[in-house]
Each structure stands twice: as structure tokens, then as C-alpha cells.
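Below are two complexes that have subunit A in common, paired first with subunit B and then with subunit C.
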Partner chain A sequence: MTHALFLPHARLDDLIRQVQSAGYRVIGPKLEAGVIHYAELNVAAELPWGWQAEQTPGRYRLHRSQQTLAFAWAAPAQGLKPWFFAPVEPLWRLRRTPDGFGLEPCLPDAKPIAVLGARACDLAAVARQDRILEHDPHYQARRQDALFIALHCTHPAASCFCTSAGTGPRASRFDLGLTELDTGFVLEVGSPRGGKLIEPLALAGATADQIQAAQTAVAAAAAQQTRRLPAGDLAGRLAACIDHPRWDAVAQRCLACGNCTQACPTCFCHARRETASADGQSAEHSRHWDSCFGELHGHLAGFQVRPQTAQRYRQWLTHKLGNWWAQFGASGCVGCGRCLTWCPAGIDLTEEVAAVLGEAPCGR
Partner chain B sequence: MKPRLGVYKFTSCDGCQLALLNQGADLLALLDRVELVHFPEAGPSAPEAAVDLALIEGSISTPEEAERIRGIRARAGHLVALGACATAGGIQALRNATEAGSAWRAALYPQPEFIATAERSLPVSALVPVDLELFGCPVDGRQLMAALNTVLAGGRYRPSGDSVCGECKQAGHACVLVSRGEPCLGPVTRAGCGALCPGQGRGCYGCFGPSAQANLASLKAVFAGLGLSDAEIGRRFAFITAEAFRALEQKHG
Partner chain C sequence: MRPLIELPAPARIVERLQETETIFTLRLKLEDAALAAHYRFAPGQFNMLYLPGVGEAPISIAADPRAGLIDHTIRMVGSVTRALAQLPAGAVIGLRGPFGRGWPMPAAEGRDLIIITGGLGCAPSVSAVHAVLAQRARYGRVVLLEGVRHCRDLALKSRFAEWLDHPDLDVQLAVCETNPCADWPWHTGNVLTLMDAMELKPERSLAFLCGPEGMMQAAAEKLVQRGVQAGDIYLSLERNMQCALGLCGHCQLGPHFVCRAGPVFDYATIGPLLGKRGV
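Right after this comes the complex of A and B.
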């Protein structure tokens, strides 16, 4: 943590204004409808000051805390996925012309975003989606100029396991990196662009004590996590467990609702549909998030290859933790814990994989 | 020649017909492409005319209606059942779960012998072949237009069998079940409404009927974990699409 600076809480607005005047829409965590999620943000007062989030399998609750910190909670309800890979978006339109039809592209035309308080898990997920959607013009149009002000995590939830996923709690790639202390942030510059942004703020250097406190807080956040994933490529080990009775057992509880895949920041499956216009003169071809728990995902060549929920759960887990490695050179899991928290049935990925592989469940 | 369209009402509240009438500019564009033969709620009435496309609102709940739907089927090209009544028997199908002989009839009407009601309120598909079912109470206007426009373009429309949760997450709603403990039926309910109720901060009440992979036993266990009694859980399912959930339950034992 060389050249760390200190950004007092009271000067967070200066940073936000600086980012806005550089041409970005600022996206940050906000408390809305009873959850903290990433939303457009104008001033620091909109951050969830003094809130903590309880996250356990199938349960999310906010509580007031004693401290008035802005980031004393862990993963927001949804990751950064919807900001770059839109849940639903038109890809092109067809229109009848006198001699056939014309094609109109529908590229998004949005101002670049700057994410204030991006978590390590979410940044790791963005890096994984970057590889998958590298040649996707719609993703790239939103993603290419995005700026990241990371937040090294000091308050993991019970659902978190980024330490064992190797992605956090300290973020590794960012333009600016923040670690929150009682009165402000230790600020690190992670890119020339980030450095230029904060130059006009003329911030003082962080003291050795502040740097030490920041490092201690992040290390404590790592130590606090009790859930874990077995390390590395699990494809071979999972393939050997393809008939494990646990798949049927989990299917008794699994609702096949797909919330896990929709909340997962790396899941990228999507489907497309055509919508004809009422006047019969045009049609829109759009894309929407799909899920391996859904009906059309396994519907290939006229029949359903995964009719049972047990097969769908197995597909989700074995792809994410196993077959992703061969496909993308990494795990599909960054350890954010969202699939546990937002599963209405409270199914815990770490517990299921441990049961299938015959490992002792983690120390809880 | 323009395709001939008929809209027919059975035992229902007219809400699905209103969903069609509420489509504004899209409805006008549709009416340019079809010949509206029968739609008493909007004007034209020709109940005996042959049509290419028949939209059926309502359940079949009297002997007279059973005859009428057979006639319409015989004269129609493509037949579409609209909404919870036409696809699941509707709220009025709650009577299906009561004893035959129907004591409720005597309790409600002074002269029950004049009430010509069938024992059960049935979906259209229980009497005649149906080409397309659109779910919901009422049907979703956008889905209705998308389906009609597809059919008129010569395509085949297939409503999603996935659960409401997918649409809910796509819309960015906070999950009311996980974040507030609301007994939401979204995980077992067919998508199509765009997660209307969770978007208003309340639980889905299942008006689109069961999703393809609905796991009722698991969701009931989740509700029990929230502190709901068996009777309260039963009432969550005994509503607009009660018959569809009941049929599913019987299938899975």
C-alpha cells in the first residue's frame, strides 16, 4: 500500500463531484425497498450510512449499527452484472421495406459509469464476464469506459466466502481503492486515470497508523469468513459424483426458480426472442437473461435434455465449479454468497459441493 | 382477405377483455389487420359466425356454456384461451373442491332450483382442444399483444413455463420473500406478468398458475419456516388458480 492517501468522510462528495465532472454517471450502493443495491447516486448522503446487512441462506435483513460507516455491510443485493450485461435488451430491429426488409442495430448509447464502492467479489466477476463477453458489442458499449472505485471489504456477511474463492476481501484491479476507517478512507491509486482524477483533491497522505488499521481490518474480514469452497478445478472430482444421491436430495428443496443464477454475478446464459409489432411492419430481436433452471435452457433439438430439477441443479453446480475451468480458465464462482442469500429455499452451494465431494462441511 | 376475429365471454369478470381494450395504439393497429366479427363488449355481435381467430375469456361453468364452447370450437380456426378462468377455471372453481350436491347453492340463493350451474367450473381445455393458453388474472396486455401479433404473422407463440422469479430479478426488484419474509408464490408461479406484485412490494399470489417445474412441497416448507400455519399456507394456494395448484398437488401425491 505505497503512496496511500486519506479521504475523510466529509470529502467523499468532492470525489463524487470530481468523477461526475469527468463525464461519468456515478453508481453506488443505496438503500431502496429494504435492500442495499447499486443505483445511480448523486451525493454521498445517499449511501447507506450506519446500516449493516445480515445475510444467511434464504434470508436478508438490514439493521442499524452503532458506527456510522458507509460500507459496513457486504455484497449488495445484485452485483454489477445488470449495469454491463443488461437483463433484457433489444439487439436489432427488422423493418419491412418495399424490396424486402431493413436491419437496424440497437446499440446502447449510455454515458460511461463509475462504480463507487465496488466489492472485490464483484470486480472479479466483472473480469470473468469480460472474457466471456469480450466480443459482445452491447456489453462492451457499457463496459469499455467504466471506472471502478473499489472498496476493500471490512464487513463480510455470514454468506461470504471470497477468501476461499481467491477473489477478496481485498480487490486486485481498480482505478481507485478505498478501505473504510472510522473517519474516512485510506485511498490507493490503481491506474493513471484514477490518479489524474484525484489530483485536484490535493489529499494528504495516509499515516502509517491509518495504513496499518486498514490492512488489519481487511485481514480480519478474511479471517472472519467461515464458509469455503474446495480450491481449484473441480470438474474431474464432480464428474466422478454424477450419480451422487445428494442431487436428488437437494432437488427435494430446490424450487427451480433460478434466483441463484439471476443473482450470480458471473452467470451469463441468455435467450433471445422475436417480438412482432402490432402493425405487422417490424419485429424486434431481444436478449434476456436465461437460467439453467428454466424450461428452454435444456430444450435442445426438440426435447428437454434436463427434465428433472436434480439434473438442473447438478448442471448449475458442476458447470460453475467444474466445467468453467476448461471453458474460461477460472471458476464460475467468486464467493459473493448471493446464490445462498437469495435462494428462497436457503440452499447453500458450499454445503452442497462439500456433501457431493464427501468433504467435511466448513467450520460453522 | 383479413383474418376474422371473435372475442367470446364465458364465466368471467371481463378483465381479460379489458386488458385487450386497454392496448391503445396497438389495439388500433391490430384492428386494421383483422375483421372484428364478434366482440360484444366493444360493439360487434355475431355469435354464430365462423372466425379464423377466437379469443375465449371465462371458465365453462354451466351446461349452456359447454354447448356454446363446442359450437365456437367447430367454427373457429385458431382458438386462444385467455386468463385464469379460461385456463384454470378461475376463482369460481373454488366450488370444485366442495362436496357434490352443493349445500352452498341453497345457502346463497333463495330458490336454488333456478340456478343452472354445473358442479365444476372448468378450463376451456377440459371441453375442447385449445391452440394457445395465455395465463394470468387478467392476462398481461403486452403478452397478449405479443401473442396475437406472432400468430397473425404466421408464427407460433409459446408462453414461458419459468417461474416469476426470473422476471423479478430481471426487473431488479428486491425479493420480498428473502428480504421481508413475505410468503411470495413467485418461485412456483408461471412468469408472464413481469413480476407485477413483487414490484409493488407484495408477494405474488399465483394468478398465472403453476410454473412448469413448480415444487409446491418445498415452498410450503419455506412458508412454514416463516411461521405460517398449515391453514394459512393452504389459503395462499386456494385462490385464483386454485384448481391448477390442486391438480398439480394430486399429480405429485
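Right after this comes the complex of A and C.
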């Protein structure tokens, strides 16, 4: 943090205007429908000033706080996934012709987005999805020019475990990085593009005290987290625990609703859907988010690959924490805690994985 | 979006054959001459067939690789396959592919090849048989053991007639039911029972298996017991596939995306996952 600047709260609007005039749609956290989530934002006043969020297994509550900070809460209800990997993405449109049919590819044609206040966990999740969807034209069309103004976390929720997931609370890749203090932000430049963007703001350098306060706050956020993932080779250890009785035990509580997969910022499963017009002359082929908890995820003619909830929960957890490593060289979990917050049964994956792996290795 | 990868390319049904009551073959030709000229597939790979207004389904390529046409032998089971069955010759459907890793034909050169199939499991193996026959001298003994549940299920009757009489193929058929049809001249019993009498030089042999997973697993175990290396036994797997691009997640089996790393796997790699229900 050698070249840090200071952005007073009152000048956040200057930054937003600057980003807008550079051609971006600004996305930032907003309080809407009882949750804080990423939404299109025009002025700093729309940020959730003075709110705090309580997140524990199966519980999300907003509270008024004494301080008037903009970011005194942790993971928004949904990550950045919907902005790049759309929940519903039309892939092509079909029109019948006298001689067969014609297909018109659908590619998103939206202004690039700039995310104000992107959390470390969410940026790590974007990096995970970048790897998976590297060659996907629809993802890339939305993703390639995106700008990230990161927010280093100072107020983790009880559900957070980014420290043990190795993704936060400090973000590692960003164009601009913010750490919120009482009167404004310590601002770091993370890319040449970010540097150019703030040049016209002519911000003063942050003082040594401000830099120190920012570092202390982020370190405290790391120390505050109590949930954690077990250390070591989870892929190998979980693969040995396929027959553990805990899978059946968790299935007694799991509703197989798929909320965890919908809230998870890294889950990429999707299904294809063909929607035909009533006259049969045209159709649209789209993809939409799917879940390995769903009945149709593993169906085959005459065969259901995972008929039981225990098998589906095991798929979800062993994919996230285990098989993801072989597939993409990283964990599928960034420690955002959303799957436990949004689980109606309050199932906590950190607790489940600890129970499965236990003290003694499986199968020995 | 790349044609044949992300975007289906129009393909015309040039011929349609009814194989059994529920199984039919579509012989396809890509409408776009440039795409057709560059289209190459390996035995054991598959295409996503697209029926406008209904959807896509993964179907193995059963074609003779010499012919320039793309054959698909399809069993009517659900929405796409039933609707495809209604189409006459001349109709146009969409096609993406080829996808996946097929049979290891180069590894089979100079070896004896044992192909064991169950039911319509024959579809992926048909292209392997064609590949062998196209360059017969490159392979040792070729044995084809085909099991069907009912004698009316025997798809590709005409092809079988040709192969049964082929001097360079050792073909044996088995029907599972206790009361086979009156005109069934072949073996009655599980296809696995044909293996007991089969001559086998384990160190020279490579096996290709396709069919129901339990049958393939049992056949693989029998081969292992007779001394064939697990790494010399190949299986063609089936999973729910929606994208064929390694993206939709539906075809996962442990760490593998079956659409990309498979559908053909060697038993050393995939065997440990097969007995585990729900992995």
C-alpha cells in the first residue's frame, strides 16, 4: 500500500461520475427488497449507508448501525455471477424457411460494467468462473471489459470464511481497491486503467495513519472469522469418504431445494431450454442456471444417476471442495458463506465437511 | 458463436431406415459444403442432434468413416428422439459436433480387439467395426460379442448379416430372454456367458465395451480376471449431456466431464468410480 490515496466519502460521487463518463454502467450494492445486493447504481446516496447485515446459517437480517459507513456489512445476497454468467441466456433464435431453418446467434451487446465495492470473495469467484468459461462467447461478451473497484472487507459476517479459503478479506486483483475508514476510503491503484481513471480526481495521498488504520481493520476482519475449511488435500480426503454415514445424516435435513447452488458465486451448472412459438415457425434456445440438487440434473433414459438427496449433497460438496481442483486447479469454494446463509435448513458446509473428514482419515 | 461447436449447422436427412419398432437410423449430410468438407470424426465420438422447437440430444456417430455421410442410430425414448423418429427423408435438422474422445484406434493396431456390447450399445461400436474393416490388416483377431434383451431388439440387422459372414470378423450374438424367437439361431443367455468360451490372449488383447454400465463393469471384471490389463479395457459411458462443451456440468462423473474426457474411458481410470452409486 505504498502509493495509497485518500477518497473522502463526499467525493465518492466524483469517482462514480468518472467511471460513468469512461463508458461503464456502474454496479454497486443497494438495499432492495430486504437485502443488500449488487444493482445498477447512479449516485453514492444509493449505497446502503448505515446498514449492517447479520448472516448465520439459515438467517439474514439487516440492522441499523451507529456509524454511517457505506460498506459495514459483508457478502451481498448474490455474488457477481449473474452479471457475467446470466441466469437466463438466449443462445440462438430459429426461424423456419421454405427449405429448412435459419439460426441467428444471440450475443449480449451491453455496455461494460464497473463494479463499485466488489468483495474479495466475489472477485475470487469471478476468477474461478473466468477459468471455466474462458472460451464461452456469451460470458466473455459480458466479462471482457469489466472494471473492478474492490472493497477490502472490514466487517465480515459470522457466515464468512474467506480467510481459510485463501480469498480475502483483502482482494488481490482489482483496478482500484478501497478500504473504508470513518470519513472515507484509502484508495489503491491496481491497474494502469484504474490509475488513469482517477487521475482527474487529483486525490491527496493517504496519510501513514490512514494506511495503518486500513491495514489494521482488514487484519481484524481476518482474525474475526471463526468458520473455516479443513486444511490439506481435500480432494483426496473427500474421495476416500464416499461411503461416510454423514451423507445420509445431512440428507435428513437437506431439502434438496438447490438454494445453495443458486446463491453460490462459482456454481456453473446450467440446463438448455428450447421454447417454440405457438405456430411452430420460430423458437429460441437458451440456457438457464441449474442445480445438481434437481431431479433432472442426472436423468438418463431409464436411469437416474443420483436418485437420493444424500448423493446430491455429496455431489455438491465433493465437487466444490474436491473435484474442482482436478477440473480447474482451484477450490470451487471462495468462502463467501452464502450457501449457509441462504439454506432454509441452516446447513453449514464447513460443519458438514468437518464431520465427514473428522479426525481420522476415511477408509483406513 | 462457432458453427458445429456452439451453433448447430443444418443437416439434411438423406435416408431414413427403420431398424426395429423403436430404433431407426438417420443418414445425414451437412447442408454447408465447406463445413461438410472439413467435418472429421473419430469412432466413438458423438454429435448433438438438434430438432428445432424440441431440443438437442447426444447421439453417437455410427457412420462408416469412408462414406462422407453421418449415420446416427437412435432409440425412441423421450421428447427429442420421439420427434426425430417422425421425420421423413428430406427433412432438415441441426447438428453440433463431433464431441468427446472416442475409441483409441491407434492403440488397437497390432493387437487383438474384443468388442462387447449390450443392447443399442452397438451404436458407438459400429463406427469402430467400420474403422477396423477399412484397414483390416492393421489389427489382429477381431471378436464382436453382441447381447440383446429381446430378439426383436437386434438393430442393424442388415449390417450384422454382413458382419456375421465376414471372414475377418468373429461375431457372436446372444439374446437374454428365456424364450427366444423361433428363428433365433444364436446363443441364448447373457452376453457375458459368451465370454466364457471365448479364446483370449490377454497380453495381445484390447477390449471395447459399450452398453448398460452394470454389464460393462461385469464384462471388464471378467476380462481383468482373465489377465487383461485394466488400462487395455475401454468403456463408452452415457451421462445426461446438455452442452457437450464441458460447461453445463450435467455429465460429471467424479472429476471427469464425460462429454470432454469421454465418453470413452479406460477401465483403470474409470473403474473405481463405476461401482459407486450416485457419484
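Keep this in mind: the second predicted complex is superposed on the first by the 353 of 364 C-alpha atoms of A that agree within 3 Å, B and C clash if a C-alpha of one lies under 4 Å from a C-alpha of the other, contacts with A are read in each partner's own complex, and residues count from 1 in each chain.
Convention: a contact is a pair of C-beta atoms (placed from the backbone, for glycine too) under 8 Å apart; a residue touches a chain by one contact, two chains touch by 3 or more.
This structure is a prediction, so every number in the text was calculated from the model and none was measured.
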### Query
Between subunit B (first) and subunit C (second), which does A:Gly298 come into contact with in this model arrangement: first, second, both, or neither?
second
### Query
Looking at the overlay, what does A:Gly280 touch: subunit B (first), subunit C (second), both, or neither?
both
### Message
According to the stated criteria, A:Ala330 is in contact with first (subunit B), second (subunit C), both, or neither; which is it?
### Response
neither
### Query
Can A:His37 be said to touch subunit B (first), subunit C (second), both, or neither?
first
### Query
Of the two partner chains, subunit B (first) and subunit C (second), which one does A:Ala222 touch, if any: first, second, both, or neither?
neither
### Message
Applying the document's definition of touch, where does A:Asp136 land relative to subunit B and subunit C: first, second, both, or neither?
### Response
second
### Query
In the superposed arrangement, does A:Leu107 touch subunit B (first), subunit C (second), both or neither?
second
### Query
Looking at the overlay, what does A:Ala249 touch: subunit B (first), subunit C (second), both, or neither?
neither
### Query
So which positions on subunit A get touched by both subunit B and subunit C?
274, 276, 280, 283, 296, 312
### Task
Could you please specify the touching residues of subunit C with respect to subunit A in the complex?
1, 6-8, 10, 12, 31, 50, 52-56, 75, 77-78, 92, 94, 238-240, 242-243, 245, 247-250, 252, 254-255, 257, 276-279
### Task
Going by the contact rule at the top, pick out the subunit B residues touching subunit A in the complex.
23, 25-27, 29-30, 32-33, 145-146, 149-150, 152-153, 155, 160-163, 165-166, 169-175, 177-180, 184, 186-188, 201, 211-215, 217-219, 221-222
### Message
Going by the contact rule set out above, which residues of subunit A touch subunit B in the complex?
### Response
32-35, 37, 58-61, 77-78, 82, 87-88, 252-259, 262-263, 274-280, 283, 288-289, 291, 293-296, 309, 312, 341-346
### Query
Along subunit A, where are the residues that touch subunit C in the complex?
91-92, 94, 96, 99-101, 103, 105, 107, 132-133, 136-137, 235, 239, 242, 268-274, 276, 280, 283, 285, 287, 290, 292, 296-302, 305-308, 310-312, 314-315, 319, 322-323, 326-327
